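Handing you this structure, nothing more for now.
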């Protein structure tokens, strides 16, 4: 079974001056099916050894393509963002366990609430697609710093109700995603979330009435469970979890971050 | 052509993953057949399970990386009852890396683990930046290192290799003390102590502050140390530090190593070990060597 | 915003080329106005002219380079009568790097060179891998290093900085001994001892066999050592090792350095020093610092 | 005055499977005039810090272009050879002193003999052009391993008589350039040479009847005279020379190599 591949960059689109969407093509896509998994990308420069973990944004197995969306943070994402159509990227993946879509709460007619913060929103897109396919209602609550950083509104709106908050009030609700959850009293049978850690803490404080699944980040080396770089402790029980292997998605309260 | 015979180890080729960079093999077994490997240096095992250091535990550096995993491992019992038996399905001799905080810990792990069927040698990890003994790491004091070697030798059923720290003024004197204490071989080098500071938080990136530097950045230091030590001792050396390809392997062999371990490069490319093994015959040929054994110590012999 | 005051040195900015990577400034003066620099650490000067080692003297390594120049320099007299006077045309204080094989050599160079008009400080190079004293480099023995510092202090007309070797088990104890001996400051780090072997010739690439490893590959080791030493001594540190840009400078300052030297990067881009100086104000601003002084030791203060 | 520049790769041609010719464009060309000078090229990968010294093969100041020809030796030349038209290369130069063309022997009607070995032939081309412009006769003696490694025959033939030797006899005279010099009893007023060190020794042994200028190589760091990496001792006298600064061309017998 294919585990790594030199994939072709077939499309590239800047969503904001700092955030780029790339479409990659290759046989590895046939292994990709769970939303919330990630790929480990080799940066095209010898001085940069470690791969960069980036979530899968959308999968199209018929076309053998998948999309990633990432923000320029430092050296690695900067170099990756300079690749142009026709270049190849060495991809390892898909890695990790994604968002659970075979739990009892996922069933036709039920409602899922997907809560994304900033650059945490892209992986929720494939998830939303798959939940919708299973006949669920999907509500998206997306938080950004300001209107300028807002991405993917149209894409999510096509799948379901999409509410947006910005910290500076330049778009949608002034405030945080948790303000929307409280103010609009949104009820769902299952919650999924990806975003910055403070957002997760705020969510936890809301004591949501149904299971919450959260996607975490940690600095990684191997990305496949062998080096113990990305470990977090289990909460209320012995042992640990590797974010790259058992994660990156855990049920809220399952691990200590 | 690729075979090498070392104390306790009849290697079909000189390539093995370095300790800590390959876990206990389970994850890489999903990528390729581990029987391809010359040997496997499993993750450091301690008496009791260890969780290790808080995260972040790794940070990238220019041409290298820092790690401060902190010897996370499931403890001796689990290694004996689950990890080593799992590895028995592969035709590959295991080198068990062992660690501890006290001499007693090393001795206990050594005694037990050396009785496992597939453990053909021990690697005494006296050079982990996080293991202290009276304030000094075992590996930076020749007397302490020699005494530990002697005690472990007494209880071990298999040959004992000692892993040297590069964070010392004079690695040759430590190597000689360890040889005199009865070690069957040396492995070198462990990581260089380093640090990176995050400009945004203004704090070290690693929760442990310092970590071990590995990867191609450190290869010249490793080559220099292997070259020095190989000429001063009569026991074989397994070399490591920044190996990425078959050419790097030959450089270590010429410097005086008899086999070579690959660490960080496994994270860059999970297939690096089988790729190197595949490339070795051609690379030997390219530089005019008949065999691995033909290369060993070639820079000074 | 960029100014820093150190013993003997009133720096308009904290950036200076590291010794040995800038000659005596003549060649770089054809590239830019040397008055832009905070200071210049000139090439190691010895009593008599030295030709240095046979070639090859440099070898590239992954993210770094090895050098074994062997302290080539025109000798004290020429430096006093030609090189330093040449540098007087620039508005820049000079740090004179001095070396020798015997204590006597250091003392003689220190006494004379410290009287030069534009020499505002000395840098005692006790860490060059090629300078031996009774078989041990001056810089790897705390007692020897301290005694030399004391003797040089007695004859020097300007503050004395001592350049530390990273090739030691415990750099803190050496730094403290040197501080106690009266040094006004420390500079660190010199190069790590390394080697590369040529697969074709099967010999070390450098004619001298070993050489000093520099460049970004060693930055994590340098940062770790500056961070350790800065918390243990009360004299200022000029940090170096792998600096390539303004971000690297801030990392050294946060680790505890008060100014920063740039070595190998001058070979990658001859304009690197003025470029860093130009980028500093914006970089300080980006990370929320009001000034260079505001950064110093920020990772532990 | 410009000393470094991001120059544009405007043309690329493979002369053999290992040897490539590149044409670079930019204002730096206006500084280039002496044959035998070199440029110091930045390799496009962060793991490779040191620049690579490569001789100037041909200069066209009107078009602001110059050519280099290099053989893939190791990592740096391999990476450089992968650049494609449109890419930029960071160039430092021109560096060093080239072949002397204002010595008394260089005058209209006189004969110059240019002796090149393998990848040492390219820098002789600009030299030949300039000598020819000054009204000199030029004879080229070029040695290669075999026919497959033979380069620039046509280019040199256009400028003057061009004799070729190969070690395996697959082209021209079977043997070395010195065999041609001896057998054909070639007499010149000045000799210039660039090639491997054994060739220089063989030339020296011939005791040629006129001044011989030779271009040397050494591992370099700065390329501009500041680091003392590339130093060689003067022969029969005190002191030393830097190959990058006072060289790379010296009169035969001037320095110890």
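Each chain carries a letter (A, B, C and D) given by its place in the written order, and its residues are counted from 1.
Just so we're on the same page, contacts are C-beta pairs under 8 Å (C-beta built on N, C-alpha and C of every residue); 3 or more make two chains touch, one makes a residue touch a chain.
None of the values given here were measured: they were computed from a predicted structure.
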Intersection of the contact lists for subunit A and subunit B: C, D
Pair of chains joined by more contacts [C-beta pairs], C-D or B-D: C-D
Subunit B and subunit D: spacing of chain centres that average the CA atoms, whole Å: 47
Gap in Å, rounded to a whole number, between the CA centres of subunit D and subunit A: 56
Distance between chain centroids, defined by C-alpha means - subunit C, subunit D (Å): 36
Subunit B-subunit C separation of Cα centroids, rounded to whole Å: 34
Set of subunit B residues in contact with two or more other chains: 62-64, 216
Residues within subunit D bordering two or more other chains: 46-48
List of subunit D residues in touch with subunit C within their complex: 3-4, 42, 46-51, 76, 90, 92, 218-233, 240, 245
In the complex with subunit B, residue positions of subunit D that touch it: 46-47
Of subunit C, residues touching subunit D in the complex: 20-23, 26-28, 30-31, 43, 51-52, 55-60, 62-65, 67, 69, 72, 205, 215-216, 264, 266-271
Residues of subunit C defined as touching subunit A within the complex: 62-63, 216
Contacting residues of subunit B [partner subunit C, same complex]: 61-64, 66, 140, 167-170, 192-197, 199-200, 202-204, 209-210, 213, 216-221, 223-224, 227, 242, 247, 250-251, 254-255, 287, 298-299
